[in-house]
Every structure is written in structure tokens, then in C-alpha cells.
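Look at the two complexes coming up: chain A is in both, with chain B in one and chain C in the other.
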Partner chain A sequence: MTSLTYSSDQHASIVAQEQRRRLYSFLTIAVVAIIMVSGYTEAESMNSGGFMHGLRQFFDYPGDVIEEAWAAGWAFWGIVWRFIPALIETLNIAATATILGGLFATIFAFLSTRNLDVWPPLIPVSRRLMDIMRAFPELILALFLIFVLGASSVPAMIAVAFHTVGALGKLFSEVNENIDRRPVEGLQAVGAGWLQRLRFGVLPQVLPNYTSYFLMRFEINVRASAILGFVGAGGLGAELRRTIGWGSGEETAALLLLLFLSIMIIDQVSGMVRRSLVSGNLLARKVLV
Partner chain B sequence: MRVIELRKAFGSVVAVKGASFDVPGAQMIGIIGRSGAGKSTLLRMINHLTPATSGQILIDDRDILTLRGKDRHAWQRDCAMIFQQFNLVPRLDVLTNVMLGRLNRHGTVRSLLKMFSREDIARALHALERLGIAEQAMQRAEDLSGGQQQRVAIARALSQEPRMILADEPIASLDPMSAQIVMTSLRQIHERDGLTVICNLHTLDTARTYCDRVIGMRAGEIVFDGPAHAVTTDVAREIYGADDSFDEGVTSTSLNDPAKASDAVAYLRPAEAAAGA
Partner chain C sequence: MTATTTPYDRDALLDRHAGAVRHTVRGSRAAIACLMLVLAYLIYAWFAFDIPRLIATAEPQRAVLLATDSVVHKVHVTKGLRNPGFEVAVEGERTATYETPPPWVEADANAEQVFIDLGDGYTVSIDGTQVTMTGPETEPIRVTPGEDGVSIAYSGDKPDWVREGYNVQTESLVKFDARPTIDKRVQVTRSKIEVHRYFFGWEHFFFPFDSELHGRSPGDLVDLAFSDERLDPEQSNLSLMFDTFWHNKEWQHRAVAIALLETVLMAVLGTFTAAFVGLPLAFAAAHTFNKVGVVRFALRRLFDFLRGIDMLIWSLIFIRAFGLGPLTGALAIAFTDTGTLGKLFSEALENIDKNQVEGVQATGANRWQRYRFGVIPQILPVFVSQGLYYLESNMRSATVIGALGAGGIGLMLVETMRTSRDWENTLYIIILTILLVVAMDAVSGWLRRRLIQG
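Now for the complex of A and B:
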């Protein structure tokens, strides 16, 4: 019977542990609830309008926008067509920023990875630089650059690219940390130089993941570039700011439709490319080695 | 090649305690010993993958351990290395993997753009043909079996046009059939190209079958150095530090019994000599 008493002891301790775990979960939920309620009360007391009152009107504006778009009838698609150049400008800002940012991110990622025979003192330096670049919100940076360089798409592009270097560089360097060292060692034994080892030992291993993160970042950057239009960078954002300000519902609807569609298309295409990189036998897989 | 008092310490642990041996001409040498006896460290020091703590390796009266930068890379090209885990680039095709053996002969810029010459391609294909895997040239290295991958690694070593080949446990992760193919290939390279081949092995019969000379290591020291046929059971016990219960038959991976295997090699050698002549 000794084994039974032992197991019932064990049983009791497991029950106690489980109860403790539940208590912790409950406390966590309680804390979150308290923060939410107190935050809401605080915000409500500072608001001029009142949240609950505003919430009732919440769907009025989108309703108006859709109504006006509907009223425009077939002419609505003409408006959509008219905004295509603005969309192209936004996509342009995003694409240039992602490519430029991705390029520098690759360099920074290689310089901040421990297992790639980088000069050790350089690693924390490039890591901190990436932290700084990541910490700057695009909007703040764009405001500053537009003030210095004037309102155009170039400062917006630089702002988005700057943030991209930090964000992608961090992800890229994490991919680098997980590589298989053996091919690199094999090339070292062949007498290959440092750049040759990176090119043939590391790059083929990391490129599929890099591409995946790169496409994801492009999608994020399209949204970021659209927002930057609000501070004077041109593209969809600038048009949106104008149409919302003037209360032109059908134009707002057209712009939002374009933005949604383009992000959806980018999302679908990048998903396809990513899947084919990981598993399929598509052209992309052959090109990207 | 002369290895003089080669020593490697990792912190307070001494992996190789002053190893010395001469390689007067082209030889096929098997290094045997327990795991952790310092075999791998010894080979890695010769290739410069692991820096030596002290000692000298003289080749043509030049101490290769003092080489730095470009000279060091050139030496690594001259002494090709084969690994237990093959160390190929898995996502690249077999042909490219073999051509990577020529990286050291190319300028950095040209090689980074993956521009290999017609001659490089021909040489790589020739090496693959020699190892009987030319048909797999356009497949990805990762899609091949272990035995095939190891043959690709040997082809890469050949494309380096090395002066010697170091093989660190080349057959330890292969099945017996693949192991035989790999060891025979190494033996043929030794005989046909006149290259010194130094092999870390963990089975005695493989060392006796394919090597002319056996070096036994125990706890970082060379405890035996002599012709392969001189490795008796007593010598083996000394190398492995085992008692009378030690029976090499238990760990043997040969397909047939040792006597027959050595017959096969005895047959191979005159045939190879005739082919080479």
C-alpha cells in the first residue's frame, strides 16, 4: 500500500499546483479588467463628447459615405479610375522604401549576427543602430523630413525606409542566428573568403525567409505610405485627407476601396510566393537560390 | 609533411597533447581512437579550421600554422576536408556545390555573382562522373541520400585540386554499402592521383582494409603509429584502453569478414595500378 499513499501525496500536490495556477490566471484577468475600466473612466472624464454618445453615431459616417457612393452610380468607377495615379504614387513610395530598407537591413543583419565571424565589437553597435531606427515612428520622422526637405514623396520614402531597416534587420538577424553552421564550415575548409561564405553558405539558407519577411513588410509599408499622405507626402493619403475634410463621400469610398483592394492583392500574391518558396517547385524557388 | 609537437588546449582541457608524425610521401593514413581522443581536433588543426595552441606543421619547410589571410585560405584549398555530416550547402544543386570547391581560385566579385567558367563546369562534371553521381548534377544536395551527399563532398574536394585530403569520420553516418563506396573512392583517389589521404575512422577493420598506415590516438596522445597490418588485438586494446572483454567484431561494419574484404582490396590495387599506368 505504500505506492498508493505515495501516489495520493503526489495527487494532492498536483491539485494544489493546479489551483494556484487558476488563481494566477484569475488575478491576471482581474488586473486587465481593472486597467480597462479605470482607463475608460479616465478618458471619459477628459472627453468633450462622451464615448457612449459618440458610439451611437459611429456607423453614421460610413453609412453616409456608402450612400453617396451608391448615389454616384456608374460614375463611381470613373472616380476610382481617377485616383489610380495616387495609388501608384503610394505603391511607389512603399516599394522603393521596402527595397532600399531591405538592402540596408540585410547588411545590418549580417553585421549583427554572432555566429557569422563578424568582428565582435561591431555586433552591439549595429544592433543598437537598428534599435534606434526601429524606435522612430514613420509619422514623426516624415513630419521632420517634410519640414526639412519640403512636401513630396521623397521624404516619406526615406522615413518609411529608415524604419524598415530597423524592423526588417531585426527579423533578418534572427533568421541568421538559426542557420545551419555546417555548410559555412564546409566552405571555410575549402578556403573561401568571408563574403564568399556569406554568399554561398548563408544566403541560400536565409533567402526564402528573407523574401517572406520582405513581402510582409511591403504590405505594412503600403499602409504606412498611405498614412504619410496625411502629413503632406502625396499619394492616397493626401487625397483621403482632402476628401474626408471636404465631406466628399463618394471620393472617400473610392480611395478606401483602392487601398483595400491593393492590400488584399499584395497579401494574396505574397502568400502565394511564400508558400511556393517553402514547399512548391515554382520558378521563384529556382530563381532564389 | 612533418607534424611537430602539435598541441591544442580548450581552456584547461588539452585535446591534443603534442602530436608528432612524418608523412614522407603520398600515404593513406587512418587515425583511430575513442571518441574524444583528439582525432577530429588534429585534422581540424591541419586544415586551420581550429587554431593550434602550439607546435608546427611543416610542408616544404614552411610552417603552415603561421599562415594568415590569403595564404591561409590558399592552404585550406590545398588540403581538402571531408566531414561526417558532409557540410554541403543543402539548398544549392549538386553541380554548384562541387564548383564551390573552386571559390578560392576566383576573385571575390566574380564568384559573388556566381560566374563560373566553362572549365569549372567541365571539371566539376568530371569529378562527379568519377564518383558515379553525374546524373544527380542538377538535383538539390539536400534531396540526395547520405552516401550520395558524401560523394558530392568528395567531388567538391577533388575540384579544389588539393595536395591532400583530410576526412573527418567520412563514413560514420552512412550505411555499410555507402561506406564501402566512399572508402573505395578515397582509396582510388589516393592511388590514382597520388594524394595523401588522412582519415579519421572509428572501426578497426575499415582502417586495416583501406589504409597503409594507422595512427592510434588515446586521450590526446599518439600511442601507436605503424603499418596497418601491425594493428593486432593487443594494439587495439592499448589504443581503446579496453580490457580483455574487448572484441572488435562487435563494432565491425564490414559487409563480409575481414579476410575477404582485404582480398577484395588486394584485387583492387593491382587493377588500379594498371589503370593508372
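Now for the complex of A and C:
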């Protein structure tokens, strides 16, 4: 952009570049369209029930469930109340898994961050370990542990925690990478040890983001524990499988309502806390006063 | 560092600067209080999960058993007593029976006298119906099956690897079960004598036992593939090999491949649908593009609703309506993630740089051209990176949805695990699932780097 007039060469190259870019965009869109169309055709033919047939039945099941719940009248809320222990169990799975996972994730994150003066050879090792933990499907671990430990909530808890270490560890270590080094150097200059530098130089910087990611993970883990319950590990999911197989519509409706409400409430509350954390209203103000 | 002249007095120093350290001290107290709360919660959880009972009832030997069984195959030597007969078969499969017994089994014509070498000095000999088992440090154990049970005669002490099974009602001894090491097992009941010996490796992984390709060396197979002499006059050797491999009954390569494809279809179709439905909805839900507040509010609540219902509930509804298959899983993923991606995209659209849009407008661009050249280039990186991120995570979700009953590799995994007969099949499926997830992560990471930078 040094001269105001383009030479014809420049112009030609810009046009060529633009044309190539358009070709690539077109190709990408074409590939995606082909995948979508052929994929849905293939999926339709592999499915045991067809799309159009299923569409007509789509509202049948939710309709039945709601109808039965409606027919139960006030007794429905009694059923909801009966399933509160199952809800607590699911929340316990999620909370314990998030706490334990978060604890190990913090350790792994500190071991895998370049600017925190840890022993360098450990960095790639802990990063690969986190990759493995993140990639390993929760379902497989849960099924394996159910086989060894018997059907209870603990296999689901361990499986969710295992995945959490990998997922949170990666996010935490990214937070660590982005800290301001100056407070740490300042503390080092006055003779602070490694733990002291961590406590006064690093933790105040990373804690708001850590808490925010932690809460976000808790939301995800509530959903994951409900799902894993369904394959044999206690809580709402296990009850849901029982009622869908054997129970009545109003029980299913009660469980679905509980699950929906708790997910909504947890999402809203944690969303509020996270927004105030990121905008710095919750912690930062106290520090400034 | 010790160059100061006044001696260091911590308390005096803290007193002098009480204001400066106050919030730190308060922070430390809050942190300790938080940690205590977490600790108290974990103690509660310990009892809520009933960990003590769990430890008592856990069966760690099942993990060992599973780990061993998934890398070995066993050969059954069976002598029926109620239905007389004698056979040596891999995994006890009727289709994998030896015509002539392997060298470690010696049997006469009617299998009246059988001698089995179990290795490591353990032997079993069968004389008529009487079984004699010996070991390197064990005196012979004689087991005689009778009309109403078995009788066991130990020459010395009863070894701790022998388990006796009792009929609870009649309290008679009905089963002799010896497993001196993990790779040998002898079971005697009144209806049959069964001896298992384990060998390392996955047997019949490529070609089934009854195929003429079984037992050939790799070099032999390569020669065969390129030779003109056809084993089967109908087709070339190469296609015969593939055919035999593909339709292997025990490992079911074809069924596994189809299940994997179903899972991939669920994840890819679900994510793509969610992204392409979510994008236009996101435009309508962003206050920068839609001035009608009612529509925005309604769409926001729709996103919350779709997300809040959660994949578990969507899958259950879709499984009821559409039955087993990839379409079910794809729609469940699409519904949930339309909510998530719609919300993410609309937030991205509200945070775009207005200047770029105004610049395009200044050149006389109409509404669609402003979107195309002013807005899309700004949100494309968010669109691509979030879309690919959800593709990765949905690959895992698709296995779980499959296990709930939508089909694919998830369901196959749950089913092979429930029957828990051949753990090597389970391990095979687990390895393929992990490879699939890892491959998807790699592909999406590669695409993300290419598309966002290029």
C-alpha cells in the first residue's frame, strides 16, 4: 500500500486471489451440502423408523406423558417430591466429580504451564496426560467401572471426574499462560519463595477465571451424570430408565420436570455468577476497597 | 537480602501496615473457610456414596480377569457326561472345533482315556468319568461325578485355588472348580467335564476357524493374493480374503464398521444441522440485527428451552418416535446444539465491529451485501471454531446417545459388555471407539487451523 495507484500486476494478483478464495468457499459449501444430503439419505435408510413416519409420532410420546401427569392431578407433586433423593444423588455425582476433577486439573495445569517455573520436562508429559483424559470417552470408563465396582453412583462419578481433569486442566493451563508476569517478578525480587509467588502473584490473577470455568464444568457435569445414570449408575438417569421401561407416564414426567428445572436453575445461577466474575463485580471490588 | 540493619520483626511489620495486608488476610481466611466447606462436603459425599460398602463389595479380581480375557483366547476341552461327547474347541464355539486335538490333548478313539497337559506342570487325566488333577506342588485330586453331584478326594490339603459349589437346597456338593493360575481352569459337574487353557492373542481375528485361509502365515497369504490359482473359482483370492475377513462371524467386522459409521453420521449430521439452523436464528436473536424485541425474547427462550431439555431427554423422545438408528441420534444432537450454538452465535453477532458494516454500507451495498461482506467475515472464525469444537464433543456424545438406545457403536459396546462373554470383542470395540474419537479431534484441529488462518 505504498503507492496510491495499483499497478496492473497487483490488480491481477488481487483478483486472482479473490477468485481462488471464492472457489474455495464454493467448494467448502458444496462439500458440506453433499455431506448433509447424502448423510441424511443414508441415515434415513439405516434408521429403523422412517423420518416422515416418525414425525407424525413425534408428539405422541411427550403428549402421552403430559396427559398422564395431568390426570394424576395434585398427586403428581407428591411423585416429584419422591424423586428428590435421586436428584440429590445426581447433583452429588456432578459436584464431587467437578471438585475432584478440578483439584487434579489445577495440579496438572500448574505442571503444564511454561511461565510458572516448574520443571520443564514435566510440561509435555502432563499435557499429553490431559489430552488422553479429555479424549477418553466417559461411557467406556463408566461401563468398565460398573463391571468392577458394581452398579452404583461411584463409577459415574469417577468417569466424569476423569474427563473433567482433562477438560478443565486444558482451560486452566490456558489461563495460567495468559497471566501478567510482572507481579510474579516483583515478588521474586523481594525474595518470595515459589509457593509465595503462587499465592500472591498467580492465584489472585487466575482465580476469577478458574471459578468461572469450574461453574461451567459443573453445569456440563450435571447433564453428564444424568446421562451416565441411564446406562447403570444411579441417580435421576437410573430412575428414568426404570420408569420408561416399567413405570407410568406420570413418574417419567416428574423425572423429566425435575431434570429440566434443575438444569435451568443451575445454568441461570452459574451464568449470573460467571458474568459478574468476568466483569469483575464479585471479587475485584473487594480488592480495590 | 539480609542487608537491613533493623532485625526483622514480623508482627511489628504487620501491625504497622495493617491496612495494606487486611484484604490479603481476609482472603486467606475466606480461602481456608472455602477449603473447610469443600472438605466437609467431600466427607458427606463419602458417606452419601456409601464408599465403605463399595470397597467391601468391589471385585478387583474382575478387572484382572477382564484385562486378561481381553488379550487372550481360551480353548475348551469338553467331555459331556449327560449327553456323551468329546470336543476341543476355541472359545467353545461349535464352528471352531478341532478335527484332531492339539498336541497338548491326548485322547483315545472314544475319549475314554484323555490326558491334558495344562502347562507349568499341571495335568488333568480323565479315565471314563473320573478326573485326576495334579500340579507341581499339589498331590493328585480325584473328582468323581455321580448321579447327584460330585465327590472330591484330596490326597493332601485342599489347595486355596479350588472352589466347591454346593446346591443350597440339598446341601450336596455339585461343582468342582479349580483355577490354579489365571490361564488354566478345570470345572467338573455331574453333566460335564470342562477344561480351559488360555493362549495369548486374538484368535480368528482375520479369518474364521472353518475358512481355508485360517492358519496360514502372512507370507503365504501374500503369495496367495497374487497367485492365479483360485481357491474359490467364483472370485479372485484377494476378494475372497476380503470377503472372509469382512463376514467373520466371531468378530463381525462388517457390523462394527457399520456401527462406527452410524456414530459418525450422528455426530456430523447433528452438528452441521445445529450450526446451519442456529446461524439464521442467531441473526434474528441479536439486537444488532433485529429490532423486534418480542421475537428476540422468544428466540432466546427457545434457545434456553432446547438446551435445557438436554440431550438425554431429546434422545429418549426421538428414540420413541424414530426408533433405532443414526437419524435419531443426529436429530437429538441437532436439537440440543441448535440452542447452544444459536446462543453462542447471537452473542458473537452482538459483539461485532460496527465500523466494518458501515464501511460496506458507504459503498452503496444493500442489506444482503452488508451481511455478506460486513458481518459474515467477522463471525466466520467463531462459527468455524465453535462448530468444530462441538463436532469433537458430539463425537463422544454420539457414543453415549447410542448407548441410551439410539444405536451405533455405543449400543454395540453396551451389549457386548452386558453379555460379557468374550471380552476381546469388547476391547476391540473400545479401541476402535477411542481411535475414532482421537481421529475426529485430530481432523477438527487440523481443519480449524487451516480454515481460520488460511
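Points worth noting:
The rule is simple: the second predicted complex is superposed on the first by the 250 of 289 C-alpha atoms of A that agree within 3 Å, B and C clash if a C-alpha of one lies under 4 Å from a C-alpha of the other, contacts with A are read in each partner's own complex, and residues count from 1 in each chain.
By our rule, contacts are C-beta pairs under 8 Å (C-beta built on N, C-alpha and C of every residue); 3 or more make two chains touch, one makes a residue touch a chain.
Keep in mind it's a predicted model, so treat the numbers as computed, not measured.
Taken together through their common chain A, the two structures put chain B and chain C in a clash. By the touch criterion defined above, A:Ala226 reaches chain C but does not reach chain B.
Within the superposed three-chain model, A:Phe200 lies in touch with chain B and with chain C [touch as defined at top]. In the superposed model, A:Ala192 makes contact with chain B only, not with chain C.
Looking at the shared chain after the overlay, A:Phe58 reaches chain C, while chain B stays out of its contact range.
In the superposed pair of complexes, A:Pro183 makes contact with chain B only, with no contact to chain C. If you count the residues of chain A touched by chain B and by chain C, you find the higher number for C. By the document's definition of touching, of the two partners only chain C reaches A:Asp267; chain B does not.
In the overlay built on the shared chain, the residue A:Trp246 is in contact with neither chain B nor chain C. Contact with neither chain B nor chain C is seen for A:Phe26 once the two complexes are overlaid on the shared chain. On chain A, the surface touched by chain B in one complex and the surface touched by chain C in the other have residues 191, 200, 204, 289 in common. Chain A contributes residues 180, 182-183, 185-193, 195-196, 199-201, 204-205, 289 to its touches with chain B in the complex.
Within the complex, the chain A residues that touch chain C are 32, 35-36, 39-40, 42-44, 46-51, 54-55, 57-58, 60-62, 89, 92, 95-96, 99-100, 135-140, 143-144, 147-150, 152-154, 157, 191, 200, 204, 223, 226-228, 230-231, 237, 240, 244, 256, 259-260, 263-264, 267, 286-287, 289.
Residues 1, 23-24, 26-27, 38, 41-42, 45, 48-51, 54, 57-60, 62-63, 66, 258, 262, 265-266, 268-269, 272-273, 276, 304, 307-313, 316-318, 320-328, 330, 396, 399-400, 403-404, 410, 413-414, 417, 420, 430, 433-434, 437-438, 441 of chain C touch chain A in their complex. The touching residues of chain B, counted against chain A in their complex, run 47, 49, 72-78, 80-81, 83, 85-93, 100-101, 103-104, 108, 111-112, 153, 156, 160.
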